[in-house]
Amino acid sequence: MTRSRLLPLAGFALTAVALFAVAPAVLSDFRLSLLARYLCFAIVAVGIALAWGRGGMLTLGQGLFFGLGGYAMAMHLKLADAGPDGLPDFMLLYGTGGELPWWWEPFRSPVFALAAVLVLPMTLAALIGFLVFRRRVRGAYFAILSQALAAAFALLLIGQQATTGGTNGLTNFQGFFGFALADPLNKRMVYFVIAAALLAVLLITRQLFHSRYGELLVAVRDSEERVRFLGYDPALVKLAAYTVSAGMAGLAGALFVPAVGIISPALIGIVPSIQFVIGAAIGGRASLAGAALGAIAVAWAQTTLSEEFPAAWTYFQAGLFIAVIAFLPGGLASLRHHLTRRRTRATRPRPPTGTPAAEGAPA
Amino acid sequence: MTAPTASTAPAPPADPAALAVRDLRVTFDGFTAVDGVDLDVAPGDLRFLIGPNGAGKTTLVDAVTGLAPATGSVRFAGRELLGRPVHRIARLGIGRTFQTATVFEQLTVLQNLDIAAGAGRSVTTLLRRRRHLPEAVAAALETTALTAHRDRLAGTLAHGRKQWLEIGMLLVQDVRLLLLDEPVAGMSHPEREATGELLHRIAADRTVVVIEHDMDFLRSFARSVTVLHAGRVLSEGTVEQVRADPRVQEVYLGEPALTAPAGGEA
Amino acid sequence: MTVLIGQSFTGISIGAVLLLIALGLSLTFGQMGVINMAHGEFIMSGAYTTYVLQQHLTDAGTSLLLALPAAFAVAGTLGIVLERTLIRRLYTRPLDTLLVTWGVSLLLQQLARDIFGAPNVQTSTPGWLTGRITLFGGEHPVTLSHARLFILTLAVAAVVALTLTLRLTPLGRRIRAVVQHRELAEASGIATARVDRTTFFIGSGLAGVAGVALTLVGPIGPTMGTNIIIDAFLVVVVGGIGRLRGAVVAAFALGVLQALVEYSTTVSLAKVTVLIAIVAFLQWRPQGISTVRTRSLA
Amino acid sequence: MPIARGYRLASCVLALATAAALSGCGARTGEENGDGPAAATIDTSGDTIKVGLLNSLSGTMAISEVTVRDALMLAIEEINADGGVLGKRIEPIGEDGASDWPTFAEKAGKLIQQDQVAAVFGCWTSASRKAVLPVFEQHGSLLFYPVQYEGLEQSPNIFYTGATTNQQIVPALDYLREQGVSSLYLVGSDYVFPRTANRIISAYAQAHGIEIVGEDYAPLGSTEFATIANKVEAAGADAVFNTLNGDSNVSFFKEYDAAGLTADTMPVLSVSIAEEEVKGIGTQYLTGQLTSWNYYQTTDSPANEDFVAAYQAAYGADKPTSDPMEAAYTSVYLWKEMVEQAGSFEVADVRAAADGITFDAPEGTVTVHGETQHLYKTNRIGRIEADGTISEIWTSGEPIEPDPYLTGYDWAEGLS
């Protein structure tokens, strides 16, 4: 019992050391900024592990929430660059009239923008979830629907060029809450903020996983109807996980903006949304460490391998993805359990894979 | 096996937890599965619901628990059930099991029971870990003889144990009305005996309705029987009364289990 | 008023394309619960089949007609291979099927890029499919191009053929039996694995036919499938599981809605409107236009 | 209680993390960080000089950008065969932008910071250029951008070797007006170039008495054009100005043809269809339609004969050459000339030497306009022929001075 609880803690401490001491020491500024970007994807992946791995909701539209968080942050940074009463540069070029749209105005306030980073995606997720889960839309229907919504949001942003920057998105940020982004020291600060955010998200999600709510979520995933007959409303149970995962995607999107310096519809549509899921799936959809590391590893491999062999990379990525989903649904994280299961008659639950355990027990 | 704590209270509740079904009809795509059923089950009763395949037994239970849309009236403890969503009906103290044992296979026995016990928990409780074993869960583990298996995944339990786990979940759920759909199907003989005795104890201060095909089991444990046929009530009464009913004999012609002399142990 | 009528006809022709691309999906997703994200690439294989045939037979008309059965066979074979190697293992995990087939679609796209090159390829439209017919004359004439008419005919023919196959042939009865009750069908001696394979062959083959039709109106390139697949799924989702009728109604309804909205606003707004309409519709009927009721709990 | 201790440990770590983050704070906005604007570090140590090639080799834009990469490589090989630049061989470092704007920004950072290249050649879409622009400005490096674009931009860190609006769109409108066109229908993809182009066209039209009878945008990648074709037909304009991009063109022209519209009844003038795209759409649907560029494969110049011959020898006899490829090819030579003029690879020196640099490009002699860092370019209106080539039918004659903000045009007031 102690071992099973101390082990993750040791892992957590190790991660913290790696993120805060080792990485900044050994990586160049450029590599560190890449890592910052990967960590943002890891935050999204942790949310996916919660909603999909534990909750069974295949969120193929996380780009929607990532985008909302990212745009909320980017709008504030743009306005802050423009100064009081100023207009963002792209509006001066492509906009109509010299007026700031009313829905941009509140983002001048840093407090409002920071709150919006979480509140906007979570509110939208709650609304979507309320409509969708209440009507028991689930499984593939939910996946397709969430994907379609992400696509619709991207279309909407592209169509409103004058006020959203269209396909270009929002880019060219000078400062981050008063700190010049051109300064490498501040880039490092952004990295530390992102690393801390990832650690916090991991902590929160771990607590959720191991709480009674986490158990209930698995129950809902495995048999929604059954939970209903126990007096719970599964729609609310799912809604909570979906909303929290949306908040994480929003947070990741917001942190992505100062780290990479751009947010655009290209990060929101169908393909990026599926990319978010791929990392979590390969690493292990129901395992926190698996999902986070999977997201980082896939993004890293994408950067390094696609430089050398763009075509081969596609084959490799697709092949790995197919093999893992088809033959190792728990992801690479479940390899450990496959290997150790024989040795220790584990009393802990096997990492759930979303499939009914078909094997009979030696009763 | 010790008695569950709940069944030690002998006095029936002030508001009798009686089930009253009036003129219940369920129609799917033009096919009437339940066609005007009236049914009264009193607290302390152990009512068996029998009938040939397609008689509407499961559909009746579906309608009472809110799964199948129905017309007419279903009242429990004075409250109308029809029109309420499933989980609200469950919160009124009505629980059920399914033909194929439905437990949360990816969770342990303990987790299954804990979830069943917790529909009323506050958000803060839900967000915390389980520190102590709730009393009701411990009792149910004892009652269903699953204490030794409490940390096993429910999916790895043998079939009979899964069914007991389901019953255990109803116990911790503290329901006043239990609707059991073939609870002993696939169980070994000793397991059936144990289950029957468990049902008897539970029924002392609850209302229990059992759908069952096994006639030996029925003869051993039923306090009263309702026979459904083609969506209607064909006959109702004690086991003896129903056995003597010529209409029942007609429907069950060729199925001697009900009419033939009881087996050795009955 | 005539604009409305004209746009409705445009909508119907958009709907015919949607129907063709969704018909095969309606069979594999609707009837078998398999979410095949590689469906778009099966459509692509049909389009490339047309292209290859046109390279070898110079006459555009003959090659187009020959491409119909050829593309059916090519895409159907791809479908069988996919079913045998991967999907068969995943029948109990529909969401994983979605992801796996998405991976397959990536593979097929890259394969197309390596074989045919990244740029689009061109096919020519046969002479008898250029030009158009005028339905109503007047100041705002309502017209329908021959190519669109051909697609509409093809879509209707495919629906009729599929319906007749499902209703009248022993194969169709077996497919329906498996859909309604897999275990029972198995118990009564139907080789369900073979029925699955055949269903998948037909569903995928229909994608190939859709690919042939698309060469008349759209680009032929490695990424053509990704543009289509979501639209196709939305048709099936709105149409509901298990009945072709739902898919037919959904395809034409979405087509007409899109055409009417985009005439007065923009294409982007029309797409967003259609999506919102779909979400609203699912509020009203979460299981789509028509469904087959089953007694199982899940 | 290990759990309680665990949380204490966790919160300690988080507190430390926050402290670390705050202690790492650098310059505030507005403060100069040390020695003024950054200047890129350029690795001039070896006997080669590194340059970056940043194009999409995968994703939706790969179709177009791969040809640009090929043209860039051709120029680099030619220069190396000829002795290199300032005695150093050019060492190209290729990166894949993957049709994804953040990836472009990331790869630009890698080329500048890690590889310490002297200049970067590439980008196609405006979105990718906008994404990398802050990276180049922050690090003080140079980008050569080879594609016609929407203007309204003038970064000291970018040389624009494609056309700006007054070298492509405005002459096209002049041509149409000469042909007696008095009403236009605007069709474009939904992104910055078509939207900006159409604002310019509308302003021009208003000043010159041309009626804009309709304006439609389709999302990038959209392939359903039945309605737009209907609207174009119903509007009955004299001509269509087409700023669609990529796959949408295929569907648009197929639908246009099916609606019975032809180059004779209602010509379409496109600004994003070059020789490469013609192949993918099908000449059947395009014959007789118009384009506006600065260069065609058929452009008559000795430099072009050499360019086409060298390109086809390197990449295949059936490969067409197009305007962006030519601009990319030219951009490498221009950089070489600037470096040699400056006698240095340093960005500041190269920029200082840029004004007035000329090169005998395949499109004719081009000259660098130092103030805007654009080129003087000649506009050519072309007609698409049945064999897939584009033949020049009209030309602006003299190279046009670049005017990215259209400040020299009265009617364009208030546009920027």
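A, B, C and D label the chains in the order they appear, each numbered from 1.
Heads up, the rule we're going with is that a residue touches a chain if its C-beta (ideal position, glycine included) is under 8 Å from a C-beta of that chain, and two chains touch if they have at least 3 such contacts.
Everything quoted here is computed from the prediction, not taken from an experiment.
With centres computed from CA atoms alone, A is the chain lying nearest the middle of all the protein shown.
Just to note, of A-B and A-D, the chains joined by more C-beta pairs in contact are A-D. For this pair, subunit A with subunit B, the centres built from the Cα atoms lie 44 Å apart. Our note on geometry: subunit B versus subunit C, Cα centroid distance of 47 Å, whole angstroms. Per-chain CA centroids place subunit A at a distance of 32 Å from subunit C. The multi-chain contact residues of subunit B, meaning those touching 2 or more other chains, are 98, 102, 129. Among the residues of subunit C, those in touch with two or more other chains are 266, 268, 271, 297.
Multi-chain contact residues, meaning those touching two or more other chains, occur in subunit D at positions 3, 190, 217, 219.
Interface residues of subunit C facing subunit D in the complex, by the touch rule stated above, are 3, 6-7, 10, 13-14, 17, 118-125, 130-132, 140, 143, 145-148, 216-221, 223-224, 227, 258-259, 262-263, 266-268, 271. Here subunit C touches subunit A in the complex through residues 29, 35, 86, 89-90, 92-96, 98-100, 102-104, 106-107, 109-110, 113-114, 226, 230, 233-234, 237, 266, 268-269, 271-272, 275-276, 278-279, 282-283, 286, 297-298, going by the rule given at the top. On the side of subunit A, the complex with subunit B involves touching residues 207-208, 210-213, 215-216, 218-219, 221-223, 225-234, 347, 349-350, 352, 356-357, 359-361, 363.
Subunit D makes touch with subunit C in their complex at residues 60, 62-63, 66, 190, 216-219, 221-224, 226-228, 230-231, 234, 247, 250-251, 254-255, 257-260, 276, 279-284. Considering their complex, residues 56, 58, 131-132, 135-137, 139-141, 143-145, 147-149, 151-152, 155-156, 158-159, 223, 225-226, 270-271, 274, 277, 281, 311, 314-315, 317-319, 321-322, 325-326, 329, 354-356, 358 of subunit A touch subunit C.
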